[in-house]
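First the structure, which I've put down as structure tokens, then a few questions once you've had a look.
The first chain written gets the first letter, and so on, giving A, B, C and D; residue counts start at 1 in each chain.
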Amino acid sequence: MQLASFRSILTRYKAVFLDSYGVLKNHMGLIPKVEETLQFIRDNNQYLCVLTNDASRSPDQLAANFQKNGLTGIEADEIISSGMMARQFLEYKIRKGGSVAYLGTENSAQYILQAKLRGVPVSQVKEEDDVQAMVFLDDEGFDWNTDINKTLNLLRTKNIPTIVANTDSIYPVSQNDVSLATGSIAKLVENIVNKRFIHFGKPDSQMFMHAFERMNKLASIDRSEILMVGDTLHTDILGGNKFGIDTALVLSGNTRKDKVNLLIRSSGIIPNYICESIVN
Amino acid sequence: MQLASFRSILTRYKAVFLDSYGVLKNHMGLIPKVEETLQFIRDNNQYLCVLTNDASRSPDQLAANFQKNGLTGIEADEIISSGMMARQFLEYKIRKGGSVAYLGTENSAQYILQAKLRGVPVSQVKEEDDVQAMVFLDDEGFDWNTDINKTLNLLRTKNIPTIVANTDSIYPVSQNDVSLATGSIAKLVENIVNKRFIHFGKPDSQMFMHAFERMNKLASIDRSEILMVGDTLHTDILGGNKFGIDTALVLSGNTRKDKVNLLIRSSGIIPNYICESIVN
Amino acid sequence: MQLASFRSILTRYKAVFLDSYGVLKNHMGLIPKVEETLQFIRDNNQYLCVLTNDASRSPDQLAANFQKNGLTGIEADEIISSGMMARQFLEYKIRKGGSVAYLGTENSAQYILQAKLRGVPVSQVKEEDDVQAMVFLDDEGFDWNTDINKTLNLLRTKNIPTIVANTDSIYPVSQNDVSLATGSIAKLVENIVNKRFIHFGKPDSQMFMHAFERMNKLASIDRSEILMVGDTLHTDILGGNKFGIDTALVLSGNTRKDKVNLLIRSSGIIPNYICESIVN
Amino acid sequence: MQLASFRSILTRYKAVFLDSYGVLKNHMGLIPKVEETLQFIRDNNQYLCVLTNDASRSPDQLAANFQKNGLTGIEADEIISSGMMARQFLEYKIRKGGSVAYLGTENSAQYILQAKLRGVPVSQVKEEDDVQAMVFLDDEGFDWNTDINKTLNLLRTKNIPTIVANTDSIYPVSQNDVSLATGSIAKLVENIVNKRFIHFGKPDSQMFMHAFERMNKLASIDRSEILMVGDTLHTDILGGNKFGIDTALVLSGNTRKDKVNLLIRSSGIIPNYICESIVN
């Protein structure tokens, strides 16, 4: 597949869904010049939604984080995260009064669990606690040496719904290196306890659906008028393809130029376009 | 969990999503007296949608099949099938001109592939054919002794998107016996070729989303006003839970009364209600 | 890794373990000139054992099969098959009096089950039969359209040991094409019933151990004096490496020259030598 | 299955293979009165071998550890560990001169790697190091927060053989709680890098084979004269069954009395006997 200029394909659409990590920012911060593309989108009266498998922060914090890094113009209500999906599920499905155990930062817990549910870090769960659910939120904020085992033992004894709010396996931490993400830690535990966890995040249709509904409150937008842009075939492109919208794979994140054709051929996940980044 | 009377919970909702096999019908035909429940739903001006992982027939044929068996009053446009999802994907993503190889009955192919795509049973694919995609449609309509191997060899050589239009593993064929369904055959091949197939069907949110959008064209219905009814925890109940609607598990299909509590506890998939069937 | 001449490395060893399919023969029959290499081995007073994951025939039949194809000089007692391992297990572990259900040819059953155990093809198992065990023997000899489902239902209801006598996933049937082998069919069923089957065959140490013990009855041979030759990294080479003997991968079967370096690097299974075949 | 008295079955055999953890000792130390059973074995001139999936200590240290806890009479050369198997493999397969990266304690590394191979804890591996292999040795001795990621990145970039010297998933740390063992950590990494690691430990036949060969240097002992005793179906009993010896499952470790029948039925792994422990 030939590389396309992002600007040239962008103009064919009325709205764009953007992945965050690997598209707008990377381990070094904002990807240079993405703010120009954002400005272009605004100037052309196009609609925008950020779809991110990040469950560690609230949309307000994610928006503030963009701004702090020099990307103004993304509103909190233009951000849909897997954390939001998990949050809605917990709000709806877990009866008030019990507590919810979590692996992650206190900040991520505050967002996901809100005021109605009492969040307890796994390290602080006591035997007598009435734990209603378990949530995997983030790979930071706890001691892997002790808390993964605690989680394992909690789930061996209590039959409670277990939510994985970020299904990513790994994420890049430098040019060459990656780090295990929440999804991997959850999978490790899931395999041992042999129970079915509930996963939120691309490629599942939910976030696409939320973004679509939200956008259609602003203007009437058809699926054919939306472009999904992401750096990962298995989450962004597969999810966009299944949702029925056009997809563009960028090479500014997880997928490297020297491997892209091989990956597309071997996975069978085919984007409509491949672009260097959203900048060119 | 206590068993609830289906009628008593049904009245709390404005709309109901129903699984087909194990809820409305089983291997012997229509489950006795379900037509009375359907009538009750109509009399109460409730809305209805059938969500089925059946890709072997068109909605028109599925509706006709219900009628033939004594269940009048389900319109074709009240039926959402995984086959429809696969059909839309193929229509949108596969360029016209090539052919699409399939494992299934000619009838299922006619529906999924429509007129624009030339469907070719795997057994008839020739080397020189320009095969654009592969679709697993049904466990019938081909010779397992020869055609599974043909499919395997086709996918080893051609890097084409492969769609699994019915993700069920097994389905009951008698009181005690089951049969391997399309999902199992696809999984067998998927593991050997080590590529990522594209699966359509519950528990994925897509079908729930389609049903929700369709219903909201008729009346304004909120998620809290919908009840999902199914016989399988991993598809119907998990799908309904993730979509954010209440769920009722019936014991008239895949899930047996003597195993239900164990299955709920071990899977962590918890329905709001358990009922013997939709009849009581 | 550089290609080595098989003759040149062969002379460094006192004994050689040979895989059969892909080393001595292929889908077309005997690989041309292997009989010369066999003669060379005999002339040099080297010891030989054939280690094959073929459970469809007895060693006598396998030896006769070699002879029929022009390879004289391999005695039945120089052949160790996964079928033999399965046979010994059944003989030892299953009490006489019951019957053993199998998927495979009658010939393979006659060998594996001997006279003491009453073998019944899955298609003929009746409800009242006292089935003691289930054995997957071969991918031929039964109707895939009906008998895989019968096996599935048998194993869903009866808690009996299930033996897989040939763990190969696929085997080549022509230059380019493969066929699903017993191992794949067993895996399909194993995943659905969610029970642990008992597998016999390389890379498991058992067959290497039997060959080693058998050879040492003829002469004192140390592990360092044995070379394992095979065409498949995951069975022959991994098995030989784990058993502690040198290994040579040949490119006359499953592993193609254009893919070998990639496969070795990606699998981490490293043979001591790579040769075109045992002929050069 | 009925419970049998261990003493009564023990006398039927000439030799016994014993698992260590869950049979001789547990998280609290030596299981009370096992030294009496050991004395009984000695008094009856029976032969003994301890087969353990423990790779964290040398046989000398394991023997000393028994003695320190009150169990005299187990010689170092009566202990066969998965660590020994890994050690032999590394000694044989890794060329001198390079270094071997490991996750585990320095003590476990000293044993496995000996003097010829330079062992480097993953945390200390530098880019310029010539790392020849990676070994997972123990779940202790490193910081899970940092070193699992380091291992992941090392294996993503270098194509080196990776050895898992202890394949246990979990081990009990108290009456009710378990801890993740080396096998789980290795599996986590193995799945992400998508390469094949080399595993040593029961149920693989290797350790049984070593014990059998070693014993037969002392006296002529046939397989029918050996009893394998263990607390885990998937490693001890399956391994013993496949090796062709009788097996006894004890309920003093991993397998609880209230679950044993269910586990045997659902796994299909059937011991010849079930005993409370080796004490009764």
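To be clear about the criterion, contacts are C-beta pairs under 8 Å (C-beta built on N, C-alpha and C of every residue); 3 or more make two chains touch, one makes a residue touch a chain.
What you see is a predicted model, and the numbers here were worked out from it, not measured in a lab.
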Message: Validating interface symmetry: for the copies subunit A and subunit B, is the fraction of residue numbers used by both over half? Same or different.
response: same
Task: Go ahead and note the Å separation of the Cα centroids belonging to subunit B and subunit C.
output: 40
- prompt: Between subunit A and subunit C, what is the separation of their C-alpha centroids in Å?
  reply: 46
Task: Return the distance between the CA-based centres of subunit C and subunit D, expressed in whole Å.
output: 28
Task: Scan subunit B for residues touching two or more other chains and write them down.
output: none
- request: Could you classify the connectivity of these chains, where an edge means two chains touch, as line, ring, star, complete or other?
  value: ring
- prompt: What residues of subunit A sit close enough to touch subunit B in their complex?
  reply: 88-89, 92-93, 159-162, 194-198, 200, 204-206, 209, 234, 238, 241-244, 265-270
- line: Touching subunit B in the complex, subunit C uses residues 143-145, 148-149, 152-153, 156-157, 169-170, 176-180, 184, 187-188, 191-192
